[in-house]
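Encoded as C-alpha cells, here's the structure I'll be asking about.
To keep things simple, chains are lettered A, B, C, D, E and F as they appear, and every chain counts its residues starting from 1.
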Amino acid sequence: MKTAIIRKEHFNSAHRLNNPKWSEEMNKQVFGKCNNPNFHGHNYELEVKVVGEVDLDTGFVMDVKVLKELIKINVLDRYDHKNLNLDVEDFKSVNPTAENIARVVYENLLKHLPEGLELTIRIYETERNFAEYPA
Amino acid sequence: MKTAIIRKEHFNSAHRLNNPKWSEEMNKQVFGKCNNPNFHGHNYELEVKVVGEVDLDTGFVMDVKVLKELIKINVLDRYDHKNLNLDVEDFKSVNPTAENIARVVYENLLKHLPEGLELTIRIYETERNFAEYPA
Amino acid sequence: MKTAIIRKEHFNSAHRLNNPKWSEEMNKQVFGKCNNPNFHGHNYELEVKVVGEVDLDTGFVMDVKVLKELIKINVLDRYDHKNLNLDVEDFKSVNPTAENIARVVYENLLKHLPEGLELTIRIYETERNFAEYPA
Amino acid sequence: MKTAIIRKEHFNSAHRLNNPKWSEEMNKQVFGKCNNPNFHGHNYELEVKVVGEVDLDTGFVMDVKVLKELIKINVLDRYDHKNLNLDVEDFKSVNPTAENIARVVYENLLKHLPEGLELTIRIYETERNFAEYPA
Amino acid sequence: MKTAIIRKEHFNSAHRLNNPKWSEEMNKQVFGKCNNPNFHGHNYELEVKVVGEVDLDTGFVMDVKVLKELIKINVLDRYDHKNLNLDVEDFKSVNPTAENIARVVYENLLKHLPEGLELTIRIYETERNFAEYPA
Amino acid sequence: MKTAIIRKEHFNSAHRLNNPKWSEEMNKQVFGKCNNPNFHGHNYELEVKVVGEVDLDTGFVMDVKVLKELIKINVLDRYDHKNLNLDVEDFKSVNPTAENIARVVYENLLKHLPEGLELTIRIYETERNFAEYPA
C-alpha cells in the first residue's frame, strides 16, 4: 500500500474573476463582487499531496526539503505578493478561480516530481472556499 | 480529470442521542452523557464537496454563490439554532449522530444539485469528532 | 513583573437566551433565534488565565495539572453535555449569555485558586463570538 | 468589574504599501514585495472588542446583532472585495498597513457605538502578522 | 454506500531522524537539522479514520468511546511524553518519519478493530507537514 | 494612543522539566510525565507583541521584516530543532517551563529592540497550554 505526504504553503495575491469574451454586464452578473476591476485579494493556502512508496533507507515518500524547494521555485516565487491576472503568465488567458489555480499548480509541479509519484493539489481561497485537483 | 470545490458552513444546534426502541438504561449505557434527556449542543461545521468538470467559460465546477444558497435553504435555515430532535422533521425517526446527519444532509442536497455532479458531506461535531458520507 | 499561564478547555452544552420577566414577544424580539424554546447548543471553548509570580523551584505560576483539575470539578463536570438552563444551578436565574457564563465561571474558580493569583476568563461561544471577564 | 465581548469578521481586499512622498526606489527598499504596483491581497480577519457593563435584563454588554450590523455598514460593505488603495476613501492618503487599518476601523466604529463603551480593534493581515489599536 | 468517522487525538514526543546503517555525515546530509543527536520534538496530531456501514440501532459506524480507548491504549499511552527513538519499541529499528509513524499506528490499531472496518491514519508532525497511510 | 504589532513564529524542540536540586522521586512527583529523562517535545508557537507609536512615513510601529530577523537570530536559530535542556545555553540552569521560556525570550529580544518600544511574549506549548510575560 502507498503512503502520502502533504506539505502546506501559502501565498498572498490580488486577483479578479473576469471572462474577456463577455460583456462587462455579463461578467458582473456571473462573478459579482469578485469581478471588481480594481481587484481584491486572498491569503491562499496551498496543500501539495504526493503519493508513493516509502523509501526503506530514508523512511520518506520524498524529501520534504526537496518538495518545499520545488513549490518555492514553481509557485511561491511566481505568485506570492503578485497580481495573478497582471503579473503571472499562467493566468494571462486563464481565469484565476480556485479550480483553475489548483489545476495550473498541478501542471507546474507534476513535471518536476520524480517519476512514479502521484500529485493532488488543494487551494484554499478562504477557510470556507477551496478546490482540489484532481478530485 | 475532475475537480472538486468545497464550501464550509456552520450551524449551532441542540441534540441528544437516543433509540426509542430501547429502555432508558440501555440508552444510557450505549450513549452515555450524549443521552442527556435535556439535550446538549454543538457548533457543527459542515463541508460540502462537489466534484465535476470545470466549465470553460466560468472556470467553475459550480457557482459557489448558488451552492451557498442551496445549503442555506436546505440545511442552515432548517437546522441552525434548532433542536435537531424536536424541531427538525429529518430527525423525528433518525438518531442525530454525526454519521446520520452526514447522510441526511447528503440526501437533502443531492436532489437539488445540477446533474452529473458528485457530492460528499463532512460533518464536524467537534474539532476532534467528525463523519463523512459517502466514504 | 508577573507572568500569566493560560489553560484552554471545552464543553458542549445546550442553552437558550430568555428573560422570564419579559413577554414571549419581547424575548423573541431581543434574543431572536437564540430564544428558541427547544434550545440550541454550542461547543464552548474556555480559556482560564492565571497571573502571578513564577515559583523559583518549579518554574510554574501554578501547576497546570492542579488548574486542570479545578476546571474539571468546578466547570466541566457541571456544564459538559448539559443543558445550561435546565441542568445547571448557576443559570437557574441567570441568562446564559457568553458574558454571564464568563462571570459565573470566574466566580466559581476564583474561590479555589491559591491566594495572590489573578484570574481572567474568556468564553468562546463560537469562533467568532466570545466574551472576557473581567475586561 | 467590566466585561468584554469580541466579534470576529473578515474581508478580502487588495492593497499595496506605498508612500507617495518617496521615490520608487525608496518605496521598494522600505516596503519590499508589499510595494508591488499591481497590488497583492489578503483575507483580513477583524476582531472588534467592546468593553462595558453587562445589562441586567439582557445579560449583554451590547447586542451582537447590532454590533455585527455596525461592522457590516462601516467596514465590510466598504472594504470587502475592494482595492483598499483605489476603492476606499479612508486610504486615499493613508498607507494601508495593518497598524493604520486598525486605527481607521477604530475611528469609523467608535462614533457609532453607544456611549460609555470602550473599543479595541485587532486586524490579522495573515495568521502570523497582526496589529491592535489602541494597545 | 459506506460512512466514515474520524477521531482526532494528539501526543507530544521527542524524536530524531537517523539511519544507523549510514555514516554520521550521510545522516546529517540527508536529514539535516532533524538528525540532531540530542533530539527535537513535536505536538503530533493523529487522525484515525474508520470506514464501514452505519449500525441501524445506534447510528454509529463504531462507538467513538471504544475507538478513543483503543487509540489511548495502543498509541497515546505508549507515545505521549516519550522519546520515540529511545522509549518506544515500535521505533527501535524504524526511523520515526511521519510516513513511518502513520504506517506503524495503522498496524497497531488495525488488529484491534472490529472486522469489516477499513482504517486510514493521518499524522500531522506540524500544521504544515503531514502523512497519510494508506494513501 | 499606542498601537501594537504581533508577529507569530514557531520552533520545534525537545525538553524535559527537572529541578536538579531535587531527588528523582520529588521531580517525578511534581513534573509527572514531563520529567521523562529521555525528553519529549513540542511545536512551540511564539507570539512577539511590540507596542509603540506608528511612524507617520511608513505606517509601521516597527518594520516586521526587521522584527522577523531579530526573532530568527535570537530565538529560532538557537531553539529550533534543538533540545532546550542540552543544546541551549539559556536553559542550562533554568527549567524550560512555558513560563520560563516566555521570560527568557523576552530578555533575549528586549535588548535588541529600538528604544521606546514595549514587548510582550506569548509561548504556546500546545494549543491548550500557554504562557505570557510580562502579564
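As a convention for this text, a contact is a pair of C-beta atoms (placed from the backbone, for glycine too) under 8 Å apart; a residue touches a chain by one contact, two chains touch by 3 or more.
Note that this is a predicted model, so its numbers are computed, not measured.
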Rotation in the CA alignment of chain A with chain E, degrees, nearest 5: 120
Chain whose mean Cα position lies farthest from chain B: F
Most distant chain from chain C by Cα centroid: A
Distance from chain F to chain E - Cα centre to Cα centre, in angstrom: 28
Chain D and chain E, separation of their C-alpha mean positions in angstrom: 41
Where chain A touches two or more other chains, by residue: 127
Pairwise chain contacts, counting only pairs that touch as defined: A-B, A-D, A-E, B-C, B-E, C-D, C-F, D-F, E-F
Residues of chain D touching chain C in the complex: 1-9, 49, 51, 54, 57-61, 63-65
Interfacial residue positions of chain D with respect to chain A in the complex: 10, 12-15, 33-34, 36, 38-43, 80-83, 86-87, 126-127
Complex interface listing, chain E residues touching chain A: 17, 19, 21-22, 30, 32, 94-100, 102-103, 127-135
